[in-house]
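In the two assemblies presented below, chain A is common to both, partnered first by chain B and then by chain C.
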Partner chain A sequence: MTTATHGAPAEDTATSLPRLLPRSGQHPEDWHAHMARHGRLPYRDRPGDLILDLSAAGLTGRGGAAFPAHRKLSAVLDAADKRRRPPVVIANGAESEPASDKDATLLWLAPHLVLDGLQLAAEAVGAEAAILYTHTDRRNDVGRRLGQAIAERVAVGADRVPVQLAEAPPRFLSGQETALVSHLAGGPAIPTFMPPRITERGLAGAPTLVQNAETLAHMALIARHGPRWFRQVGTTAEPGSMLCTIRRADGTPRVAEVPLGMPLRSLIGDLGPDRAVLIGGYHGTWVPAADAMRLTLDNASLAAVGARVGAGILITPPPDRCALTETAAAVRYLALESAGQCGPCLNGLPRIAAALTEIAVGRQRRQTQADLERWAGLVTGRGACHHPDGTARFVRSALITFAAEIELHRRGRCSGTSRKAFLPIPRDSARTEEDWM
Partner chain B sequence: MSEKLLVNPIECAGHGACAELLPEMIAMDEWGYPIVDGRPIPPALERDARAAVSACPTLALRLLRS
Partner chain C sequence: MLRDVSGINSSTALWYTSRATGVVALLLMTAVVLLGLLVTRQGRLPGLPRFAVTGLHRNLSLIAVVFVALHVLTAVADSYVHIPLTAAVIPLASPYERLWLGLGAVSLDLTIAVVVTSLLRRHLSRRLWRGVHLLAYASWPVAWLHSITSSPDLRHGALFLLAVACALVVVLAVLWRLAAASRDVPRAERVGHLMSALHHPMSALHHHRAPNAPQSRAPERASRL
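What follows is the complex of A and B.
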C-alpha cells in the first residue's frame, strides 16, 4: 500500500502501486511531469478500442455504484447513433460525501490523468463537448489549478474535444448523476426522475456519459498499458486498484491507492471487538470490527455483512466516542440534505433523524426503535434518487451494530467519554433554492 | 404485453386518488403517499389501473409497458 501523504517511491513494476497518484508525494503534476510519468495517449484514431479494452479490463465505476464502465460507454454510443445526436461527456469530481477525499486528492495531484480519461471517453463515444464538474471548495485553489491544467492542454493542442470546468454546489446530492445534469443545464443540483436514463437523454437532451473522476483516470492508464496490466492487481471478479479515504481514530484522514481484495485489517489496523468500522460513508454500513477483521475490500467479500466497497471510505471512530451520537449527527445532516422533492424522503428522513437523536440522548420511547425500523423500510426504494435508500441502510446497520450501546442508552448510560465530533459533518445546510445552484 | 404501474415520486403530492381507485395495488403510507405494487397488472385490474392513472391530479402515475 502506498499513500498520498507518505508517497514512498516504489519500483516500477506492473503490480506496484500507486498507479494513479504521483509517487513524488504531495507535489501536483503539471503537463510536463504528467507526460514524463505516463507518455502520450495511444490509439486516438481507433476510439472504439477503448470500449473493448475497458470490457476486457473489467473496470467498474469508482464513484460508488461499481457499474461496468464499458457498458455505460456502449449505451451512450448506441443512443448517439440511434438518435444521430452527438453525446456529452462529463467527468464527475463532485465527491459530495463529506468523509471522502479521494477525488479531490486525485484532481489536485494528477489532474491530467483525469483529463486524459475524459478525452479518451469523449473520443470513444464521438462527443463534441466535455465537462469537468467538481467542487472547488475542498482544496485551496483547486478550481484555479484545474483551470491551469486545461489551459496547459490547450496550449500544447493535447485535446480534440474542448473541456469546460463547472463548479458543483456544496450539497450532498450534487454529484448524483441527474442532479449534476440538472445543475449543468442551469437549474438546481437536485435529482430528477428517471426514465429516461441520462445515457439516452441527459444534458440538453443529448446522450450523456457521466464517469467518476477516478474511473476516467483508470481509463487513461488502461489505454496506455492494456487490460492485462490492469488485472495484475485486484481480484478476478473485481480487478484493479481503487482510491480509498481512510479515517482512523489516531490520525488525519489519508487517501491510499489499494488493490481490490485487500484485507481490511491491513488498511485499518487491528481493532478490538468493541470497535466498529463504517464502510462506504454516510450511505454505507457500520460493521462490527470482529467481522471487518475477516473481510477484504471487494463487494464479493463485503456482501457477507451487507456492505459494499462504494467509493472506498473506511472510518474507524475512536473508542471514546459514542457511535450513536456520531450516527445521529450524520443522519441529521442527511435529512437536511434531502432535496425534499419526494414525499417518503421529505417525511421519513427528519423523523428517522429525530428518533435516532432520541436514542443517542437517552430519551427513547418504547416505540422508537420499531418506528425507526418501519420508517427505514418505508423510505427505501421510494425516492427519485437513492438518498433515502442509502440513509436507511446506514441507520439499519447502526441499529444492529450498536445494539448493546442502544441498550446502555436506554438505561441512561453511554460508553462515550468525549463529546468531540469525529465524523466530518458540513456546517451549512441548504436553506433556499440558491444553495443548490 | 403486460403493464406495470410507476409513480414519479417528485410529481406525486399525495392526493390519494390512485389508492382509492386501485386499492388492490396501491396502499397509502402513514404520510399519505402511495406504496405501489410494481408487479404486472392482472387483466382484471387493467380498467381500474387506467382510471387511477387518469385520476392523478399531478400526472405522477403512469403505466409502463414491460
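What follows is the complex of A and C.
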C-alpha cells in the first residue's frame, strides 16, 4: 500500500496516486488535458458489460454509504428490462455536508472524468438521459465550468447520451438521493419514503441510477484500466482510493486522494492525547486522538470505535477551540436542516440541539444528559432518511469523547481560548418552501 | 314499532332487513367519516395508539361495506316493490322512488371508488389515492340524504333524532378539521417554529460564541407567524 508522509499522498510509481485529480497543481483540466492524461472513452457498445468489471473491482459508492456500485447498476438494469423503460442516470455532485469539499474539488479540477463515468454508467444500464446535479455556486463558479465542459464534449461528439446540468438547493439534505429525485421532478428537495426504490421507480417513474460524482470518476478509470489495476491500492475488503477532505488545525481544508486502509496518523499527523478527530463530518463520529492514532482509513478498522469512512471527512480542531461548543452549533444547524416531515426528526432534533447547547453553555440541568441519550435513541431509525440517525451518532460520540470538557462546562469553565469558529457552518437555514426548491 | 316488528313474516323479512342494515350502515359510515377526519390530523382515541385509530377507520369501513351490500341486496331481492339490481349502481334506474334510490346509487358508487382505491393503494400514486379518497366527503352527505328521503322511518321519532345527530356530529367534525388545518405550520417552517419555542438556550449559545457564528433566524420567523 502507498505510504505518504505528513498527509501529502506521495507519488508512487506502482500504485500511482492521485488517480482522479490532476497530478500537477490546481489547474482545471479541459478536454485536451483530459484526453492527454486518460485517453479516449472506452465505450463497451453493450449494456451490462461494465457492471462485471465494477463487481470484480469492488467499487463502492463514495458519497458516504459505501454501497457496492455494481449492485446499484444491476438493480437499475434489471428494472429497466423488466419494465421496458429506459433508465435515467444522475451524477450526484451535491455534497451538502458543509465540511466536505471533495466533490466540488473533483468537479472543478477534473470535470471530464466525472462526465466520462456518467456516459459509461449510462451505457452500462442502457440509459437515454443523464443529469449532472450539483451546487453550482459552491466554488469558483463551478456551474459555468461544468457548462463549458459539457459544451466541449458536445463539440467533439464525445457523448452518446445528452447531459443536462441541474442545480441543487443549498440544503444539507439536497444530496440525499430521494430528495434529489424529488427536486429534479419539480418538487422540494426533501427525502421521500421508500419503497418504491428509485432504482425501480425514480425520476418520472423511470428506473434511476444516482451515483456520487467521485464514484463515477472511479468507474471511468476502471473502464480504462480494469479491476485489477483498481485493486492495486486499498485493502482487499475495501479496495481502491478515495478523496478525503482533511481539515487540520493549521489551516485551510485540503482534498487528498488516499488509498483505503491508510493509517489516520499519516493523514492528520500526530495529535496530543487531549485532542479529538471528527471522522465522517456532521453525520460522523468524534474519536479521541489516542484511538485515532491506532486506526486506518477503512470501515473494518473504524468500526472498532463506531465510526465509518463516510465521504472521507477528517477534522482535527485546534487545541485552542472548544469542540463541544462547536458541536452544539453544528447540531443546531443540523436541526434547522431537518426537512420537517417526520415527527421524530422534527420534534427530536431541535430538542437535542437545545439540550446540547445547555451543556455547552454550562447551564445543564441534572437530567439533560440522560434526556439527550434517550432522545438520540428515540430518533434513530425513524425517519424517511438517515438525518436523525446521523445526527444522533454525532451527538452521542461528542458526549463520550468530550466527557471531561462537559464536566468543565458544568463548573462554568471552558478549555477553549479562541472564540473563532473552526467547523464550517452555513449561515442560512430554510425559511419557506422556496428555500427547498 | 311493536306492531311493525310483530308483523315480520317471510314476505316482510327482507324488507325489514334492508331497512335495518341501512340504518346500521349509516351509523357505521358516520363513524368511518369521524375516524377518517381524526386520522388526517394524526389524532388519537383514549387508550389506542395512532396506528390503531387508522386500523379502526379501515376495518369499520370494510364492515360498513358489508352492511351496505346487505342493505342493497335485500332491497333488490324483496319482491314487494320491484328494484332492479342495476339500480343499485346506476342512478335513476329504479322505477320505485326513482330520485331517492338514485341518491343511494350515487353514494354507493362513490364508496366503491374509495374502497377499491384504498385496497389498491400500494399500486397507486398517493395523489391519485388521496384525490379519490376525498370523494368520501361527498359520499356521506348523499347517503344521509338517501336515508332521510327514501325511508319514512327516519323522518320521525328516535331514528329521526339519530339521523340529525349523525349529521350534526359530522358537520362539527369537519369544522374542527378545517379549523385545525388553518392553524397548520407549513412544512418548511415547522423546524424554525419549534426552534423558536426552544429559543432560550439557543440564544445563550450566540452570546457565548464568536460574532461570526451563524445567526438564528427562528425568532424573526416566529414573529411572522
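Basically, the second predicted complex is superposed on the first by the 420 of 437 C-alpha atoms of A that agree within 3 Å, B and C clash if a C-alpha of one lies under 4 Å from a C-alpha of the other, contacts with A are read in each partner's own complex, and residues count from 1 in each chain.
Everything that follows uses one rule, which is that a contact is a pair of C-beta atoms (placed from the backbone, for glycine too) under 8 Å apart; a residue touches a chain by one contact, two chains touch by 3 or more.
What you see is a predicted model; the values in this text were computed from it and never measured.
A.B. asks: Will chain C clash with chain B on chain A after the two structures are superposed, or do they fit?
C.D. replies: Aligned on chain A, chain B and chain C clash with each other.
A.B. asks: So, does A:Asn347 touch the first partner chain B, the second partner chain C, both, or neither?
C.D. replies: both
A.B. asks: Quick check on the superposed pair: does A:Thr357 touch chain B, chain C, both, or neither? Answer first, second, both or neither.
C.D. replies: The second partner, chain C, only.
A.B. asks: Name the chain, either chain B or chain C, that contacts more residues of chain A.
C.D. replies: The partner making contact with more of chain A's residues is C.
A.B. asks: Which partner does A:Ala328 reach: the first (chain B), the second (chain C), both, or neither?
C.D. replies: The answer is second: A:Ala328 touches chain C but not chain B.
A.B. asks: In the superposed arrangement, does A:Gly61 touch chain B (first), chain C (second), both or neither?
C.D. replies: neither
A.B. asks: A:Ser338 in the overlay: touching chain B, chain C, both, or neither? Say first, second, both or neither.
C.D. replies: Only chain C is touched by A:Ser338; chain B is not.
A.B. asks: Would you sort A:Gly383 into first (chain B), second (chain C), both or neither based on which partner it touches?
C.D. replies: Once the two structures are laid over each other on A, A:Gly383 reaches chain B alone.
A.B. asks: Check the residue A:Arg419 against both partner chains and state whether it touches chain B (first), chain C (second), both, or neither.
C.D. replies: second
A.B. asks: Just to be sure I read the superposition right, which of the two partners does A:Gly284 touch: chain B = first, chain C = second, or both, or neither?
C.D. replies: Neither partner.
A.B. asks: First (chain B), second (chain C), both or neither: which does A:Glu433 touch?
C.D. replies: second
A.B. asks: Given 5-13, 23-31, 41-49 or 167-175, which part of chain C has C-alpha atoms clashing with chain B after the fit on chain A?
C.D. replies: 41-49
A.B. asks: Report, in rising order, the residues of chain A that make contact with chain B in one complex and with chain C in the other.
C.D. replies: Comparing the two interfaces on chain A, one with chain B and one with chain C, the shared residues are 341, 347.
A.B. asks: In the complex formed with chain B, which residues of chain A make contact?
C.D. replies: Chain A reaches chain B through residues 191-193, 341-345, 347-348, 378, 382-384.
A.B. asks: What part of chain C is in contact with chain A in the complex they form?
C.D. replies: Residues in contact with chain A: 186-192, 194-195, 197-198, 201-202, 204-205, 208-210, 212-215, 217-218, 221.
A.B. asks: Would you mind writing out the residues of chain A in touch with chain C in their complex?
C.D. replies: It is residues 188, 190, 325, 328-329, 332-333, 335-341, 346-347, 349-351, 353-355, 357-358, 360-361, 363, 419-421, 425-436 of chain A that touch chain C.
A.B. asks: For the complex, which residues does chain B have touching chain A?
C.D. replies: My answer: residues 8-14, 29-33, 35.
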